[in-house]
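So that you can tell them apart, the chains are marked A, B, C and D in the order they are listed, and the count of residues begins at 1 in each.
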């Protein structure tokens, strides 16, 4: 942590800062510049609060030097984490594709889609049983019945199941059925849910909130990791910006940056990020080219009649085209698929 | 809903749209323009999905005409709602001030602060027992013990209690202690929590999420209202933008806009919105001048040592100054305080 | 400037940084922390480039300590600047109101409006002769003829004239007619224009660009000040965010922050910021309550037929109401109007 | 254009809207819904102003149906435009790479870089002679001397020259030297510059402003096209968002969307968009995978000592790596390079 004193700070004000640093048991390091004095605080800056200094008289600014996350950082663990989901590795040289409908609607629909997903070459099946919807009047998911349908689809196709949990009290139930538990964007900072999932030994797909900074995103991963669950896969799914032609702005830049800062795998969700069926394929190619470890894609046998998110769901034939186009890009960047 | 056909859409494509409209039991209204044909759909557009048309061949765009919320709209209820919290009216001519620490830390601290808050003229006491924190290593709140301390403070001062609930399973417990239950910004779209609180008859303080559009904000209120709870107070607490000098961007513009569109009262939280102690007072004045029905303010006896949010907490003497300055502005805009 | 070394940086890498600092003629100050070494650079950080260090091997981050602007900062000049425009002071205890149409349309329209503006109590007349329009098919302003009409209005009413210049080659011409020259939001970083206006001795109204950070805004002022023109008034006119109910997001928070960091006066433009006639009045009140030194307001005798910006122009009777409501707030915050 | 009446609008209010529509010489089309009446206006909506209706009594909203741009739209011209720059086609099956330093610094530096750029396989040379800088104290470019150095580099290497113009009065001079004239992000809405360049027959590289919506971006192209210059290449270079780990947010989503809406080619600038040397390569791959027609890349022989933008400039050896990696992706998406 670096304390920047105001230009013209009094000697006594500098003394107060030094006294405070020593009180906490840390070591100050004073640099008296021409315009300002700056004071480095040596020691673990996670153990005290910025405000203990920022509010002292004569202090202009307090600048953190360390990253707030530790277990999620590549400094802590140099090798990339590989997460095994029902026999499918995420984070290694092979790319993963997770596909399926936004919501589990009926058993028939899901089984049909599961076969399509499998045939297209995707390795995991997605489908929501609990749905966070903007409108109280919209379809809210089938709940436990949906989980059972997902399990039936796994039985029939062998595809591992990825599904969302929305509250800590449902975590155990969802964990019984799912191979990978999704934390949705709206729940990225639901700390109680994160704590609960930290204690469950199922892989977690942690989606970035629309307005999450990178520190916030990785701190949510830190909740899971510090709780004891190391099987965390990150997912970029769009940020909220002024842009009007996509539902959110798919921020592919985060992918190479996360690769530098963290050892966790990261996949991309072009369906939710763009909200547009018609650009899901090019943006899937772009995500892989940027270095993503895989994709999660919404597919529906009849998007116009989907219970939710029809606008962004691709058709089965588009999924086949997507798989083939993405595979070409994967090979171009030295990945298998 | 208005269906805009592509320039050069075929007759058969237009026919398909018309057929679909009739299938659903609605009435189409065709306007053949020079460049494009547009088709108005007459009937309740909440009963079908945009995608049922947007995905049809030849359709360029589908434009909703109605607002997605109903019970929260001023069209539905012309008179402004007044919510009674422990004898204090929110939404009438009198402004409300809710003040207190970010977190309940100790009984001593809270009681001391409660007396300060009362003396300064605020009518309700805030304090968090359950705290949503970015870091798993930060103080997470005292939980039920915190609720008990809040109840003790009410007993001693008579001030009604405003405190946050983070999960549906804690709702009943919090409702036992609180006079007004806060839904935090991170939980604005926690639909299970909203459904649970819709059935509880305690007033709700619904905070706007950092990245919520106005429709999303009012749709979250709609969850509460459609569940049967009419005692909803909205709260603006900053949106996430590119701006770097405030923690969030305090969006006062939403206040006069909400007043037009909804009958619900709206208060403002300059502490969280700005994250800066040093501008809480001017921005409080501005919020009242913009038409807010009240303020929620973080105050701490020693901000530098606060367990959370010290940077934005004002001191007791600043609270007194704030109350006096805000009162002058309140009178200037014809409100009592 | 502070150079933060990577965790595990080699001794030789640290040595290279120290060598570089000394080469430039500055003094390094090393603090060897537990996880990282940080190196303070003492001396004027405006004289070298961040990249000279950020690209060295083993460097994680380079953090500037000083603000990039100097002449615009309150460190440089403690007393608030007061700018005199045709006898009207901006920045003192008295608030200024600048009002008028978006565009100068006809002589008759402008003279009529000028009388309305004067009668309502505004002190300066605005009106665009050069208009930056999004569409090439929209009205682009009357140019020099517009300037002449503005001069005629000044002659008849005595009101000083505020009008925009869009290119450096028009600066002298506009300066002949105007009492205050406006730099529009789209030109805030037109450096050639800023350099030219720095040499002209007319007061400048510098509007903040939609996406300008505070540093960028004040650096544009620095262009003017460093060129020799000290008569600079800043203007907040909205930033671009995800928000959909206002044209831009009127960021009143910048006002108290600018007051701390800079000695320059700052006024607010609720008309352009909100783009909504129906909330101009409450947001004008809010701007003054936040501490703005004045307002610039679009008024039109018939907004529906305005050549530009009709949606945000208020009517003459609304201007009278605005002046009276704002005056009450001004007195509440200890300002005259 | 569609006029949505308020719920409960009076008959007389509807009559006023109809009267107005007929006055302008257009045809109204009334749809009386259950909750609201909507009125379609048939005819060219570019010929009247939204405000002529939005301000009428009883009107809730006016929704434009047509896109504001015409010449830039794919409706107007079905085939993709191919722009020839010094013998290099932009917009066809072959991808273009434009590379070079941010600023022209010295003749020696530029010639050296030009040879590197050519050897790496890039087809056009970029370099700024006029530089828009945030700080008045920063290097502002060599001006005409810089143009001469660029011309010398073309003579020696045969590479066409891409360089920026900042003001309309410099347009002719820059056009004498450049093969393609760049309009920088800060000048995207400098309408006088756009008008001037519309009359010059040199290819234009039009960069998207940080905060430009797609309509605004294409409307700036419309200025050029409507002026008579059809040789317009668009360029995505990042938008301003809350994100802190890249200088701007590189918005690759715009690429497939522009391809649908416009016939103009679009290239991508990962250097300015990300501001980070270390992610320029992956984001270049992603841009091509998303469908961009080419790249513009900053390269410097010694980024740490670059006069400007060193943080984002790649080294010559990185450029070679970039070319080889991008070529692989180009082939994967069926493009030549």
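FYI, a contact is a pair of C-beta atoms (placed from the backbone, for glycine too) under 8 Å apart; a residue touches a chain by one contact, two chains touch by 3 or more.
Since we're looking at a predicted model, the values are computed, not measured.
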item: Of B-D and C-D, whichever chain pair has more C-beta contact pairs; value: C-D
item: Listed pair (A-C, A-B or B-C) duplicating the A-D contact set, over half by residue number; value: B-C
item: Geometric centre distance via CA averages, subunit C-subunit B, whole Å; value: 31
item: For subunit C paired with subunit D, centre-to-centre distance based on mean C-alpha positions, whole Å; value: 26
item: Whole-Å gap between the CA centroids of subunit B and subunit D; value: 38
item: Touching two or more other chains - residues of subunit D; value: 211, 240-242
item: Residues of subunit B touching subunit A in the complex; value: 46, 49-56, 68, 132-137, 140, 166-169, 186-187, 189-195, 209-211, 215-216, 219, 222-223, 226-227, 240, 277, 303-306, 310-311
item: Contact footprint of subunit A on subunit C as seen in their complex; value: 2, 4, 7-8, 29, 31-36, 38, 40, 42-44, 61, 63, 65-66, 75, 240-242
item: Touching residues (chain side subunit A, partner subunit D) in the complex; value: 211, 213-214, 239, 241-246, 249-257, 260, 273-274, 276, 278-279, 282-283, 285-291, 325, 328-329, 331-333
